[in-house]
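Okay, here's the structure, questions in a sec.
Order of writing sets the chain letters: A, B, C and D. Residues in each chain are counted from 1.
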């Protein structure tokens, strides 16, 4: 079991993920750690951010006093619109998502299975109010789906598992996982570690992973 | 001379009967037609089915309509907004039922309803609890769910500007569900901060063509939900 | 058999039909005689014309020299846009049609059956190039469908028939037929004549109709 | 810095291969991207499937592409335009096949293709020859046809103004199929009379968001089909 302090920080995880996004990509960032990616766009690249509530070309948070309650992101936080932005309605927005026009969706996760199944919307506990938002549409429609998450829960349980125990967001939808410990690819053979955070041993990653882990760190470098 | 303008929000919602299905625009507070919702609370219709992305915040607008025990069913994608305590109580009590729909499926069902498409296939929610008990079909080697178009007796929509023919423009991300709900409401009511004569809006820039709008209400200075909540307001 | 000169002229047919359109109606006018209706809007009423190629609020033909090849109607003729018009794309345009948002579609006909079946797009002759345009969508989607047509073909054959011989545009879609001889309603019992052109006897209309005709002219007046 | 602008129509269409499916915007001459079509003729790709509402007029633009014997299949709603002699000859000869689709079904199939909807139900063409051999289903007591989403390898679209991100505006009824074909083309190429920097177009008025556009070509003074025909021009 690992503690949260080991390996990459949240900002470093976001920075690491951002390196794998091509220049000019259209990207939808989920709520939470995914939002940090906007702070780490590599030099010389431009990403265009889509927010499913009807804006392509989302910019950073506004200066204090410039907030517009009618200019928000999917998390209902105040945002801005960059030069070259466009507003559109919800059906058009999800046409972009479902139609495969977005290059990348970055989401948080409660669990990811070795087959790429994602659970990130419900604990399935009776009495809890479920809320799904646009996650099921994103994972079903966007060309690539990256997950960014702590490798383990606060209680130290692995989030990368053989089978998700929580209700699924989508089956076989995750392409890559960026954690505090490693970058892990979902392959036909299961989880493959393609890069480790500095000072983190493969065995540490494997021990924190609730499913078999293939070592491909050499191949990736 | 055609004019769809009515004198007040109260007049616009006067004929909404008990048991009506009502689409209510907005994504959180952005685009929520608060004045129309408050007029509906005053009007008293009950046993309503509300189709809206969320369930409102605080004790104003959509949350206030729920709190007044007028809504027995909600069709939405995300009922767990920040400051949303009203819906969870009504849901756990069993007063208000919930049909949870993925956001893109909700949007497409509304658009389909407005466009006369009775049903369509979508990949979203396949293999998940929200896809259980739904008809599936493999097309081109991929599995899809059959989803049905959604219409409503009324649609309440917040525009920024409307003309007397009902042509409507929106403000930024307050556009969200407005244009498609306008299509899917049998009677669509638009509140707009600015109402102008037909001809004042460039026909190239119209977002909702007037054919989808039945009534236009001029609401000069619309309330801001987050400000009301910050001020501790509850409605009525 | 009747000749074309008997009963109402084309302009009078259009004028008669226009009387049955409510103020504020959204109307799609087909190519040919239907286009004449725009010249006969009754005093005090306004109709808003939809053309399926993406314009609501179609106005009359432009003055000479003001033609814009990018402002045309479904017949590809030059038109204008009235104050309060809106442009939109084809999917939105047919959402209006299919979604039942238009009040009335007025079409020409080759044949109409006593059940309201319409044939107006193809003679079904081998080798002829078929072209359907938006007619099938209009008859399937618009709230009311009126046909305006000569009662008989140039060869004197009835256009109102028991069963259409030509390929159908839609089944059981026509509500009323306005001809040079009469106004005819399609009822559950078949064709019912609800009004005759001045000087035209019921027997004349019945003789020119290729299916049983009920006389309801008294009831309508 | 993102810029989708390419130097010429020739460059924009250079990689269209033999056998490609191509959506071509326009309703008659309104919105027909003549310069892109002429560049495609010059380029030489053959055995093409063209999805377009009509089949062109005279011997320029779309009709010229057909006349050059590059198109072996046309999917359209109305191949019988005035002055259209090219298609009938190729059709009767058996060189160019025709899939005739009702105009609204064609539009919806294209929009569905672009929106990731593999199939939907529509009432249009039920009980007609164009509905024969199609799967039907009764929903809510009414019969519908199952129709499939339509995509293409390329879409050629005529805009009025585009920015370097690909955001596009149209001119009047030249809009027609442009926005939905832009959605449904795997590679979408827009020719625009006016190309501006990102930020020059008001985000509220964008008709086609740039995400749907891959290449933008500046065609300053686009040819007018009817004028070419009146002048007796044939291309090349």
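Here, contacts are C-beta pairs under 8 Å (C-beta built on N, C-alpha and C of every residue); 3 or more make two chains touch, one makes a residue touch a chain.
Worth saying up front: this structure is predicted, and the values here are computed from it rather than measured.
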Requested in this report: Would you pick out the chains that touch subunit A and also touch subunit B?
Outcome: D
Query - Set of chains adjacent to subunit B and to subunit C - result: D
Query raised in the report: When A-D is set beside C-D, which has more C-beta pairs in contact?
Result: C-D
Requested in this report: Quick one: report the Å distance separating subunit B from subunit D, using the average Cα coordinate of each chain.
Outcome: 34
Report summary line: Here the gap between subunit A and subunit C, centre to centre from mean Cα coordinates and rounded to Å, is 56
Report summary line: Cα centre of subunit C to Cα centre of subunit D, whole Å, reads 29
Report summary line: Flagged in subunit C as touching 2+ other chains are 55, 81, 87-88, 91, 94, 97-98, 141
Report task. Pull out every residue in subunit D that's touching 2 or more other chains. Result -> 108, 111, 115-117, 122-123, 170-172, 204
Query raised in the report: Does the chain-touch network form a line, ring, star, complete graph or other?
Result: other
Query raised in the report: According to the definition of touch, which chains form touching pairs?
Result: A-B, A-D, B-C, B-D, C-D
Requested in this report: Please name which positions on subunit D make contact with subunit C in the complex.
Outcome: 27-31, 53, 77-82, 87-88, 91-92, 98, 100-108, 110-111, 122-130, 170-180, 207, 224-227
**Report entry** subunit D contact footprint on subunit A (complex, rising order)
**Finding:** 23-24, 26, 46, 48, 50, 55-57, 81-88, 91-92, 94-102, 141
Requested in this report: Name, in rising order, each residue of subunit B that touches subunit D in their complex.
Outcome: 108, 112, 115-123, 137, 139-140, 142, 144, 148, 169-172, 204-205
**Report entry** Sites on subunit C touched by subunit D in the complex
**Finding:** 51-55, 68-72, 76, 81, 87-91, 93-94, 97-98, 117, 122, 124, 127, 129-137, 140-141, 167-171
Report summary line: Seen from subunit B, its contact residues with subunit C in the complex are 1-2, 111, 113-117, 163-165, 167, 183, 197-199, 201, 203-204, 206, 209-212
